[in-house]
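Both complexes shown next keep subunit A, but they swap its partner, so subunit B is in the first and subunit C is in the second.
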Partner chain A sequence: MRSERNRSPLGLKIAAAAGLAFMHVPILLIFLYAFTTEEKSYQFPPPGLTTQWFAVAWNRPDVWAALTLSVKVASIATAVALVLGTLCAAAVSQTRFFGRETISLLVILPIALPGIITGIALRSAFSMAEIPFSFWTIVLGHATFCIVVVYNNAVARFRRISGSLIEASMDLGADGFQTFRYIILPNIGTALLAGGMLAFALSFDEVIVTTFTAGQQSTLPIWMLEELIRPRQRPVTNVVAMIVVLVTFLPILGAYYLTRDGDQIAGAGK
Partner chain B sequence: MSTAVLFDNVSRHFGAVRAVDGVNLEIAEGEFFAMLGPSGSGKTTCLRLMAGFEQPTGGHIEIFGETAEGVPPYRRSVNTVFQDYALFPHLSILDNVAYGLMVKGVGREERRKAAEDALAMVKLPNYGSRRPGQLSGGQRQRVALARALVNKPKVLLLDEPLGALDLKLREQMQEELKTLQKSLGITFVFVTHDQGEALSMADRIAVFNDGRIQQLGSPEEVYKQPKTRFVADFVGSSNVLPAKLCQKLGVRSAYASLRPEAIALSAPGEGALSLNGTVSAHSFLGAVNRVVVDVDGARIAVASPAALAVPKVGSPVTISFAAHELHPMEDA
Partner chain C sequence: MTAVTENIVLPDRRGPAGRLSDFFWKHPHVLLTVLLAPPLLWLGVVYVGSLFALLLQSFFSIDDFSGLINYEFTFATYRQLLSETNLDIILRTVSMAAIVTIASALIAFPIAYYAARYAQGKWKVLFYLGVMLPLWSSYLVKIYAWKLILAKEGIVTWFLGKLHLQWLLDAWLSLPVVGGNSLSVSYTGTFIVFVYVWLPFMILPIQAALERVPGNLIEASSDLGGTPAQTFRHVLFPLALPGIVAGSIFTFSLTLGDYIIPQIIGSSRLFIGQAVYAQQGTAGNIPLAAAFTVVPIVIMGAYLFVAKRMGAFDAL
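Let's look at the complex of A and B:
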């Protein structure tokens, strides 16, 4: 009876399948064209299949330069976001002070603002202050939205730590550092890991803010945009795209599972 | 016997709110001291001042002769049992109890042994490997107690520790706490809004209202000789005789208190005082009948033993009581 009632009409199933296919088949096509023998255009079906582009990509210094820059930027932006986002979340969730809600809003704003606004704002600020574009200007640009991700994850977890846990720790003789190490960190650890992974993934494929803050440097996504414009060894771009998918998708998947488990752990005993 | 906790004219104001307003008290070493009052009366703030979670805005606090102002909670020889127990959800029961020793750098084996002893003391041996989430409210309460006591505090602060327990468990814990306190000899400072709890457990009681101590004394004193109308009303349910009746009875102060159980529904004996009134209501409370007598417009509750007959509502009655049961009160 139950399966009868839950059986949906065929049309709906096809529509759902078509919708999902529309979203994901193009990604498969990207993977497919990483193996094509035709390097100038994307003709379908590919005239032949080859793995030579992996070797070509491996030997191209511009790919390596872009990949290294992106990984470095994403790592440092994430590290900055972890420290600042956690501190901010702690302040907003554990204490009451004048302007608390405003600070909370201001921290979240960069992710609500269109990236192009953040980008233009940062670019004009950098030029007004006569800061030359560098590795650090990209990191700064990325940190603005990475902090939000960490902050959001951490603040949700902080709200669930009752204030008396921290007081109990202090009461039992732990100073501020010990309380952070033994009580706060274990309770927010998975949230920080999840926030950090999301921040890394966001930074790794960011284009708009990067365009305004990178100057002549190419992060991986920028490099890909440039490659699409001049069709030379096009499948190399697809090879790199596969790598980007792996590098960003795996952390997000990890973050999803971690926060799910974290909920159960932190939920116990309350 | 030395002084464990000293409050000298201590105040704690939050903006315009005077949570604690000029409190003086002296708690002796080894004493079971209760701070009793309704919520918002300042009793919990006083406890937090002792623990170091709050700093006084005025006055002076000493704990065992040492100035407490500015000393953070982790450098005070006091420990707290929190109202919500505040057990660490990510640690096992044993690690919860051993936490205080761990942060002080006590070796693993030594602190495990001490934690197990503490758990045995609160009658929870073999619970060490569980998590707080797997324990009942009463068990968590015992763990919180063990976690505080394992540090051998000079003063143990208890913030409404029995509030979340059901009646049966609460009565049992009251007795156990009392026994534990006597055997350990540690000063207990106990915050409660339950007057029965304070009366049955404490050596002395401070009754709080509006950030001030209304009365400080032994349970008998506070119960039998309430100094103010607030104490008379909050601790038990004393009758407060208005000025008119006081005059009639020859009492000098404006108000006087009279316990319901000190009054008899009979003609006065030798040297007793009496008043005439009419019965306006009565109810059966098990061991006693509560009879409300209207005397010149003042309603006076009488606790009459259930074995005695209850006069009908509306019938005239004489109530009598010994003169020493009538206690003059300080204020209105």
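Let's look at the complex of A and C:
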């Protein structure tokens, strides 16, 4: 009976496997192309394999500048999103008040609306307020849509903390700050870490909002976008693409392992 | 009575932190305000304020001679939006969004169903990460990968050449509308990349909806003599529908607003996102760009309204 239930139809198996292959083969190809000796075209199969492009990419100052900017922006945007997202999650999950639903909507809005709308809205607001584009305008845009990832993770975890735990702490004489430090923080710590990692990955990869808020500076995705529109050095782009894939995989795997025992695993809603 | 109560209640805490803590405990609304003020200021003032500023601009118009924005309330920009070329752009984007949504639902369903019903233990983790990693890997890298694949000298051409099916690709590319010089400059290419990039957004909600379908419901259906096709049509599909609608919110909305994919892989005909980008950038016509962004907002607003009615939000 049980084996009967667990045997899947062959057609379904093939369709599911083909779907997964469709999702992964293109990413694997990036790895292959990072080693190709062909410089001018996207020829397949590669005429030969070499590791020289890694050295070339390593010595490119523009790649390093873009990478540094991306890491800086992502770190600060993540820090801001962590604070604002946690505050929001604490308020929404610990209390009942008028307009609670609206707040969830407000938090999700920057990611639910197409990125181009967020981008152009911020850009026109900056120009109206006569704020020049800078590092901080990029951070502002990124933090806005990173709040939601932290918020989602924190809210899911707050729901699992039983209220009596907090009451017990208060009954035993701890004040609100001690309760936060010794009861709430250890409980939500991994959720925040996971949310922060996802926010970092989201910001590190963002390009649409950034094109509107960046002015002359280029983050790594902007650098890649320029290479995509006007390819100058394809082999370097191949190498950078491969590194970007590796850099984003680590936080995702980390966030998964931090939250896998929970009722809601981090990352399910990008 | 009061004396007893006073004995039960602990004395007030000392120190500024203690007093603050007591104050918050006695006035939970103040605590709530303190918690909510920073995020609300950020999102409510900075973000929603920017959105309103944008919407406001769509009611201004651009002066044809000076090219400056004329700050007078007018519907002229919306009239311009409804001109034939612009309607063409809107129609093209919406139909692309619709077929992308249908295709991703078709590809996503078997993966979601297998993961929800048959995959167990290690396989479940594998399926989960198998969806999660492509979801989170870089958007630009994914597009770049398809540029490599669809290029004239790329892997698709090579693969079809090996199978002696080159003629099939040539025949497809010679078709009107969907064809082009090579796959990377055709609507077919744009379509494939859209489906690829948004597919994980479709799989996850469908899987979430299917996880909630009890297995014995399927068994009951077949015990009662339903063929697999009948079971799918009358039991599985209606129960998965909220998940599909939830996924379609993402695929639809993301396709409506994207301007990078059609720019890099596609013909030169514009999509809404590209029109917005061109209007605000090179053309300098912010009012028209703003009016263009109203289109996806209105479409998604209507879409979300219907989706909510169908219970799609429970599957998110």
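Basically, the second predicted complex is superposed on the first by the 243 of 270 C-alpha atoms of A that agree within 3 Å, B and C clash if a C-alpha of one lies under 4 Å from a C-alpha of the other, contacts with A are read in each partner's own complex, and residues count from 1 in each chain.
In the analysis below, contacts are C-beta pairs under 8 Å (C-beta built on N, C-alpha and C of every residue); 3 or more make two chains touch, one makes a residue touch a chain.
It should be emphasised that the depicted structure is a prediction, and the values quoted were computed from it without experimental measurement.
Participant: For A:Ser164, is the partner it touches subunit B (first), subunit C (second), both, or none of the two (neither)?
Facilitator: first
Participant: Answer with first, second, both or neither: which of subunit B and subunit C does A:Ile120 touch in the superposed model?
Facilitator: A:Ile120: touches subunit C, not subunit B.
Participant: So, does A:Ile183 touch the first partner subunit B, the second partner subunit C, both, or neither?
Facilitator: first
Participant: Which partner does A:Leu172 contact after superposing on A: first (subunit B), second (subunit C), both, neither?
Facilitator: A:Leu172: touches subunit B, not subunit C.
Participant: Among the partners subunit B and subunit C, which is in contact with a greater number of residues of subunit A?
Facilitator: Higher number of touched subunit A residues: C.
Participant: Tell me the contact category for A:Ala241 with respect to subunit B and subunit C: first, second, both or neither.
Facilitator: So A:Ala241 only meets subunit C here.
Participant: Which positions of subunit A sit in both the subunit B and the subunit C interface?
Facilitator: In subunit A, positions 170, 173, 175, 265, 268-270 sit in both the subunit B and subunit C interfaces.
Participant: Quick one: which bits of subunit C touch subunit A in the complex? Just the residue numbers, please.
Facilitator: Contact set of subunit C toward subunit A: 10, 13, 17-18, 20-22, 24-25, 28, 31-32, 35-36, 38-40, 42-44, 46-51, 53-54, 57, 107-108, 110-111, 113-115, 117-118, 120, 127-149, 151, 153-155, 157-158, 196, 199-201, 204, 208, 215, 219, 228, 253-254, 256-260, 263-264, 273, 276-277, 280, 286, 289-290, 293, 296-297, 300, 316.
Participant: Sort out for me which residues of subunit A touch subunit C in the complex.
Facilitator: Residue positions touching the partner: 5-6, 8-9, 12-13, 15-16, 19-20, 22-24, 26-27, 29-30, 33, 41-45, 83-85, 87-88, 90-91, 95, 97, 103, 106-107, 109-110, 112-118, 120-125, 128, 140, 143-144, 147, 170, 173, 175-177, 198, 201, 205, 207-208, 221, 224-225, 228-229, 237, 241, 244-245, 248-249, 252-253, 256, 265, 267-270.
Participant: Contact residues on subunit B for subunit A in the complex?
Facilitator: Spelled out, the residues of subunit B in touch with subunit A are 51-53, 72-74, 78-80, 82-84, 86-90, 99-100, 102-104, 131-133, 147-148, 151.
Participant: Using the touch rule from the top, collect the residues of subunit A that touch subunit B in their complex.
Facilitator: My answer: residues 162, 164-165, 167-175, 178, 182-183, 186-187, 265-266, 268-270.
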